[in-house]
Every structure is written in structure tokens, then in C-alpha cells.
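A short worksheet on the structure shown next.
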Amino acid sequence: MKKFLNNPEDFVDEMLEGIYRAHPEVTFADGDMRCFVTANPVPGKVGIVTGGGSGHLPLFLGYVGKNMLDGAGVGGVFQSPSSDQLLSVTKYVDQGAGVLYLYGNYTGDIMNFDMAGELAELDDIETATVVGNDDVASSVVGEEHKRRGVAGIFFLYKVAGAAAAQMKPLAEVKRLTEKAKDRVRTMGVALSPCIVPEVGKPSFQIGDDEMEIGMGIHGEPGITRKALEPVDAVVKEMADRIFAEQSYVDGDEVAVLMNGLGGTPLEELYIAYRRLGQLLDDEGVTIRHVWLGEFATSMEMAGFSISILKLDDELEPLIAAEVDTPFFKHFAG
Amino acid sequence: MQTLDAKTVAGLFPRLAARFEAERDALIELDSKVGDSDLGLTMAKAFRAASEAVGALDAPDLSTQMKTAGAAIAKAAPSTMGTLMATGFLRGSKALDGAAALDVAGLAAFWDAYANGVAMRGKAALGDKTVLDVLDPIARRCEAEAGKGASLEEACAAAAKAAADALEATRDLVAQHGKAAAFQEKSRGLQDAGGTVACILADEFNGFMQALAAG
Amino acid sequence: MKKFLNNPEDFVDEMLEGIYRAHPEVTFADGDMRCFVTANPVPGKVGIVTGGGSGHLPLFLGYVGKNMLDGAGVGGVFQSPSSDQLLSVTKYVDQGAGVLYLYGNYTGDIMNFDMAGELAELDDIETATVVGNDDVASSVVGEEHKRRGVAGIFFLYKVAGAAAAQMKPLAEVKRLTEKAKDRVRTMGVALSPCIVPEVGKPSFQIGDDEMEIGMGIHGEPGITRKALEPVDAVVKEMADRIFAEQSYVDGDEVAVLMNGLGGTPLEELYIAYRRLGQLLDDEGVTIRHVWLGEFATSMEMAGFSISILKLDDELEPLIAAEVDTPFFKHFAG
Amino acid sequence: MQTLDAKTVAGLFPRLAARFEAERDALIELDSKVGDSDLGLTMAKAFRAASEAVGALDAPDLSTQMKTAGAAIAKAAPSTMGTLMATGFLRGSKALDGAAALDVAGLAAFWDAYANGVAMRGKAALGDKTVLDVLDPIARRCEAEAGKGASLEEACAAAAKAAADALEATRDLVAQHGKAAAFQEKSRGLQDAGGTVACILADEFNGFMQALAAG
């Protein structure tokens, strides 16, 4: 395992120490560094809380900041935060308008958020939940509830954050976020595994010339494993699966996220994006917003994912809203 | 033995901690096949935390032991299995509320509550290839042994055997939940990782009782 | 070679196509995609032009944008742009106030910028030059002119860009940029090589447990190659070399750049930053600004660099100025 | 042969292109030791571009050939060596200004201008372990041959020999410029990569002349 670290058991906490040192705009609740919250809560605003395992920076905590999230429960690498921690975050974040739980569709996270929500209710804090399930590769149409949540949650954060910043009530924030959730799809491809520091070895093997289309961000299996092809062909195969679920009509507008999994250079992401742009041109679809870079990673895993959100008049302005977090900044046009 | 006082039962937790520490790499390996390799880490952490928390209590009753263990596990290992095991101990603790000593009826009630808690929290059904497919047979076997008036060591031996058989039977199932579900048919033939943990629990309960019975 | 690409010869141009598709705020001069320029030149402002080889995104072109650079000559992977291309960029960028050439200390780049400057003079465009040479590992004290330019140029871009945006004249922009140059130092460490697409194999080998302290961003040798140590020890060794050249006094303020070389996860950068922060605390130095992430990469190379700029009253406000480029955004406090 | 007309001289460029294509991998390998592995790519591109550009001209004189080659190289391969070779051809072109045919005196003037241009652009001195340490001996040898009244094929053979010796001698030097400079003492013992390119140039000039002389 070739990683820059000290004791593998301290990986997450030392990372957090570094983050708090670097970014005074975030802090932690209840004396527990893993209860990550904004230092500037907005009175009366619906709180947005996310959470999940570490090893995916800037997910999840990286989106806590102005016009986006208010708190995040930070788990061990690829492990859920505990219900206690989520409850602490919830209590800190609640400003009387209730809290939206917004996280990815993984059993551990679901159970802990459910437990936290039950406990929050006892404290008279209203919670609502939206579970991201954008990964097309992880289950068939009709079984969307079984799909994993991956990079597409970025768009949900943006919509929820902007809606809450407009002081909309919890039910409305939830409705808009649900709408975005129903309209976003992601496909990923991976070339190499990553190593969980405490485990010390890769959790799967992949051949020197192989790729896995549809692989999950913890190395869960995807749709096909086969010899690496030119990126234009790879993008086509990925895009086809997404397009099939978005039934475009001429003039549709989308937001695109080209997300590197950690080990893939930005140069390659742009080459891939070039092809995606051509394919969307062919569909008569306009890319109204695009972000490229690392938004949801698996540490050093090589690969990338494409997320496409089909916009409408309600979602577009929320996606366009200005955002300022330590890990993600967006100047409104 | 027909009953065990609370003080003696507390000796179970260091055993569990040691056992899961020893099973660490085997569980990592197992979870790496159709999961994310963390199970060995999380279970070692979970039961070390449970043992430390229970060990720090001053003469706790049975229910308090189980509740303390559950709360410690929930904190220390909030993964799928950590959370489920926490839920199990917390529910089991309620079943032992007011019990001054452990008997086979109490044991059966504990495991029944444990399995129900897991099913509720994980929204899993029998046959979904989860830890439930081992926990439920343990509970059912303990109930049957209680009905027969078996001793604690007899009941635990029978439950351990039932768990081992049930674990073996998970090989024929296809995973419906968690990370393993993505592997679909490929999960067939493999024993369930979470079920393995339940089997280890039953085995350690049994080992504990046999050691006490042997004096 | 496991990379997402089509024909390796098209690597740079397809990357540029992707970039122009994604970011309408940049465009190209003279019909040559490698003559990368802002779409919004500011009349009367000193132009800032950089350039260098590809394979280092977001270097160099990524800093073309509001309050930073105006143009960049884009070379092949690890190769200089041509003098012709630099001249085209210079002509486009010049708004009558002259142009500052600001790039890293590499022979190929120096010669091509020199040639472009000679040609620009014939067109009555005034140019001035500042050559970044922040890499402490590449030559000894007293021979600073031999040092390579690496990630620290980020700070020079920020200073030059902010100074030019204030409509300062060329000589003043150059003076301030020179000052920043004299006060910035960088140390890097690498764990793995990268592959130039057209070459197809790594340009050097490194053992499974080895690191190279001081390695250059093209894989040039550094100071020592040895077994990987805990990151706290690695950071200490790197910081000591920088500190030795900055002679801090209590109360000094610095800006820090923790830069990933491409393959190193953000988590690890924060763990490294934690240690650097402790060490600067020990020196009585305040970190006034910090950026962590990928700012100057070598494609998939694993490793990171630490750059420290010693601030003063003149540089601090320039470093603090707001910036908006497609690849780098900074909200002023 | 004492002189060669411009039309014949133009045949040199396809030869150079073919030779550098053939040396591609060897030069990559050489540049990988104390450089960044691009030299094979850049030189193949440079001389392909030069050959294409000169080939596209209609009956160019000597000076125009060299100028066109230089400009093409500057565009196609703006690396250190590409830029230096471009500068060399551009400067050499001036030395041949007005020359209707190539003779040994012209050849000597060409190489002298070439070497001076490289020294000026690269700010390198003799002994710095660069391409200059091979270019300069080529120029000096050609001058000496011109003084002796040698034929083109004799001069080129002598220059090629001088280049090979000079290249060998670069092994004893320590690199002062470019990426190799970082290797300091480790660069000793290795032949200079840029010098190898100059040696190839002299060798191809020679091969070209010998082939013509042999008819």
C-alpha cells in the first residue's frame, strides 16, 4: 500500500484535523470531529444534512457551505457515520425549520439516518429524507430503489441547498430535491481498484488491459468487464445507457457532471467530455451547465463517471445558484 | 446449568472481542468477495468496544449489559452489520428486562428479539441471504430447546449447530440487500458474510457455556 | 498504458476541444487551438501570458480568466509551445499596455518565449519576463537561477493577475511578480511515475515501497530516493528544506499551496497539511491563505508538493483578491 | 564532388526524416535516462515536418531550403532540441544566402552559423554537455577540410568522424543545462542525448554525400 499516511487507523481523524485547520468556515458539533457542520448556520433555514463513509472527498463533507449543505456525518472509510453522530449534526443544524437528510442509497447509511431521524423526532425536530440512487449500472429500470447513490448526488445537493437558501419550507425543499433525484442518472467506469487504509490491499483485481463499466464507488461490480477501448467508444457505451432513461426531445437542456474517481488525470476527463458533447449535440440537447473534476472519488481509483440531470424551468435556476464551500465554488453567471 | 448469574454472563464479552479479533482477516477476505472488505475491521472494532463498555460497568444486570454492548457497537461500528448487531443487542436487552439471571427461556427471548430487531432495521425477509437467515434459526432452536427444558449448554450447542447449518444453507441463496446484491447470481455458492458473523456469535455463546459447564 | 484516450497523438488537441466545449469564457487566437486566450480581454490592462507543456492541468491554461491570466501557449505533453504560437497569443492579449511573460524555468520554454518576445518587439509590443524557479530540490542556494519552476507559480499568477487587474503598469506588475517569485519555495515528493501518451511507458521506475523527495514534475530526479516513511516524517523533511530558506520571524504570515500531483487522493493531502500546520505553528508563523487540491499535476503521478509564499503587506492583498477562471475560483473573503 | 546544386541538396531532407523516424525509440530511450523521454518523438516530428515543408517548395535555393526547414522545425517541435535545431537551420540559412550551390566552404559556414546560433539561443558554453559539444567539432572540422581543399564527401566523412568522437567525449562531462542538469554527477558516463542528434545529422550528411559520390 503506497499511501501518504501515518497509522491507518488515524486516517479519517487526521484528515479531519487537516480540514478544520484549513477551513475555518466549518467546525464540529458535540466535541466530535466526525460531526461536521457549517460554522455559519442560517437562522430559520431548513438544514440539509448528508453523511456517509470517508474516502470519497470532496464527498460528503466538502459540500457543507454557503448555499449548499449545513452538516455531514463523517464515517470511517466506506463506513456509515453512527446514528448518534447524525443526531448531533441534526440538532446543531436545525434552525427550527426542520432538516432534510440527503444521502446515498447504502444499507448502513439508511439504517443510521433512519435511527437518527427517529431520535430527532423525540427531540421535536422534523426530518425528511431523500435518498440518492442515480447509478444506472446498479439495477434495472423498475427497480430504481435498489440503485446505488453515486456522483449525481452533487446535483441534489445543489438543488436542495439553493432551495433552502431561498427559505423554502422543508416539504418544498424535499419536493424539489426529489424531482432532481428522479431526473439524474449516472454511469461510471473504473480502471483500477483503491485500497482502504486499514485493510491495506486492493479489494478487487482487474487486468492490466481491462475496464469495468458500471463499477460502484466501493468497487462493487458493474455491468461488463472487458478490454479497455478508445475513450470515444467507452463514453458512447456509457451515454447510451443514460440517454435511454432520459427520453430527450429536441431543445432539452441538461446539466452534466464529468467526475474523476481520483486517479484519472483531468486531461482525460476533458477528452471524454468532448465525446459526450458530440453525442448530446446529436440528440439535439443543450448542455446548460457542466462541471468537470473530482466531485465524488474512491481515493486513488482510476476511472470516471458521467452524470446527467435533465433540467426544467424549476431546477435550472437552482442549479445556476452561486455556491461557496471549502471544496466547491461556483460564481453565478 | 439451568441459570447463569449476570456477573458470569459478563464474561462472554471479552470472549467475543477476542474471537472477532482473531476472525478479522477471514471476515475481510469473505467480505471482499461480494462486498467492500470492511466486515473484519468493523466486527473487531464493534466487539472490542462492547467488551470495554460492559467491562467498565459496575455489577450491571443482564439487560444493562446487552444495552451497553448495543450502544457501544452502534458508536464504534456504524456499518451495515455493526448497526444491525447494535440493534440486535438493544432489542435483546429489552427482552431481558428485569431478569436477574439467564436461563434458556431468557436466551430464547433474547435471540428472538435480536432477530426481529435486525429484520425490522434491515427490512430484510428470510431467504434474502442476510444475517437474518442465520439469526432466525438460532432463535427458533433456542425456543425449541426451552420448550424441551434443555440446559443452557445443551441449548447453546444446539443453537450453534443450527447456525452452522443455516450458514451453509445461505450458499444456495441470492443476495437481495447491501453491496452483495449487485453481484446477483454470482453471490450464489458463497456463504453470506453477515451470516458468518451470526454463526460466530452462536459458536462463542456455545463455547462459553461449555467451558463453564466443564468447570 | 491504461489511459482514457483515443489516438495518443490527438491527446492534447482532443483535450483542448473538450475544454473549449465546456468553457465559453476561453477561446483561441489565429485559428490555432493551442493559442489559448480569454474571451474577455480587458482594454488597457497589462496582459499576462503563460505557457508550457501539456500534462499538468490545471497548469497552465487553467488559470486564464478573470483577475488571473489572459493567455497561454499550449505545448504537446511536456513540450514547449512554439514561438509562433506564443507570438499569436501575445498579439491577441496585448491591449496596448504590454505583456508579462510568466512561466517556469525550462530550457524549451525559455527559448520559445525569448523568440516570441523578440518577434513581438518587431510588432511594437512591449514584453517583460518573470521565470518561476521555486523548486528548492533542483539546485542549491546561490544557484536559484538553475531551479525548476513548479507549483509555486500559482502564487505568481495570482499576484500578477491581481496587480494587472488593478491596472498597474507593466513594470509594476513585473516588480510585484518578481517579489513573489523571490519569496516562494516548493518541495515535492513522488511515489509513482506518469506515462506520456505518445511514449506509452513510464519514463522511470520506482520501487513498490520507495518515494523520491524533490522529484520534478516531469520525473526529474530529486534529492533522495528511499523507503516511504509515515507522512508526518515526509512533511517534516520537506518543510525543513523550505523553512531553511525563508528565515521566519515570529508573526510572519504565509500562503500555502498543498498540491496533489494527480494520483494522490485529497484525503492524503489533508493529512499532510495537518502536519505542515503543526510545524508552522511551531515556527510562530500564521497561515493566512491556503489552497489544497490539484494545481500543477503530472497526469497520474502520485505525490504532492508544498509551496510556501512568505507574505508581506504588498503581496497579501493581491493573494487575497477574487479570481474566477474555468479551473480555479476564489471568492474574496 | 566539389559542389552540389540546390536541387540535389534537397534530397537530404527525406533522408533525415527517415533516419530520425528510425532512431525514434533509441532517442526516447536515451532521453529517458536523464531527461523526459520526448527526444525521439520531437526529432521524428521535426525532421518529418522539415522534409515535408522543403518538399513542398518549387525549386528552392539553398538558403530557402534551410530557412524553410528551420521554420518547420520550430513549429512542429518546440522542445529544447527542436528549438535549437530550428535556430541552427535558420542561422545556417543566412550563411548560405545567395549561394547557388553547396561547396565545402559553404558547408563550413553553414555549420559554423548553426553552432553559433545554438550557443546563442541555449546560452550554453563548450563543455556544458550539450548538443553544442558535438556541433562545434563538426563546424571546426569542416573549416579545416575547407582549408585543405577537400571534396564534399571527404569533408563530410571527416566531420562525421569528428562528431562521433565528440559525442563519445561528452560522456566525461557533467550536464549543466536542461532536465539532465538535475542529475549532476549521475549524468557523467552517459553520452549526451542532444549530442547524439548532432552526431546523427553529421552521419546523414556523410551518408548522403557518399551515396552521391558512389553514383
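Order of writing sets the chain letters: A, B, C and D. Residues in each chain are counted from 1.
The definition used in the following text is that a residue touches a chain if its C-beta (ideal position, glycine included) is under 8 Å from a C-beta of that chain, and two chains touch if they have at least 3 such contacts.
This is a predicted model, so every value here is computed, not measured.
Novice: Quick one: how many steps at least from chain B to chain C, stepping chain to touching chain?
Specialist: Each step joins two touching chains, and the minimum needed here is 2.
Novice: What chain lies farthest away from chain A once each centre is taken as the mean of the Cα atoms?
Specialist: It is D.
Novice: Which integer distance in Å separates the CA centroid of chain C from that of chain D?
Specialist: Each chain's C-alpha centroid was found; their separation is 33 Å.
Novice: I'd like the Å distance between the centres of chain A and chain C, where a centre is the mean of that chain's Cα atoms.
Specialist: So the centroids are 29 Å from each other.
Novice: Could you tell me the distance, in whole angstrom, between the mean C-alpha positions of chain B and chain D?
Specialist: The answer is 78 Å.
Novice: Give the residues of chain D touching no fewer than two other chains, as numbers and ranges.
Specialist: none
Novice: Which of line, ring, star, complete and other names the graph you get from chains that touch?
Specialist: If you draw each chain as a dot and join those that touch, you get an open line.
Novice: Hey, which chains are touching each other here?
Specialist: A-B, A-C, C-D
Novice: Chain A touches which residues of chain B in the complex?
Specialist: These residues of chain B touch chain A: 28, 32, 36-38, 41-42, 74-75, 77-80, 82-84, 87, 121-122, 177-179, 181-183, 186.
Novice: Inside the complex, what are the residues of chain C that reach chain A?
Specialist: Residues in contact with chain A: 2-7, 11, 14-19, 21-22, 54-55, 57-58, 191-192, 208-209, 228, 230-232, 234, 262-274, 277, 287, 290, 292, 294, 297, 299-300, 302, 304, 324, 329-331.
Novice: Which part of chain C faces chain D closely enough to touch in the complex?
Specialist: It is residues 75-85, 106-108, 111-112, 114-115, 138, 146, 148, 196, 198-199, 203-204, 216, 218-222 of chain C that touch chain D.
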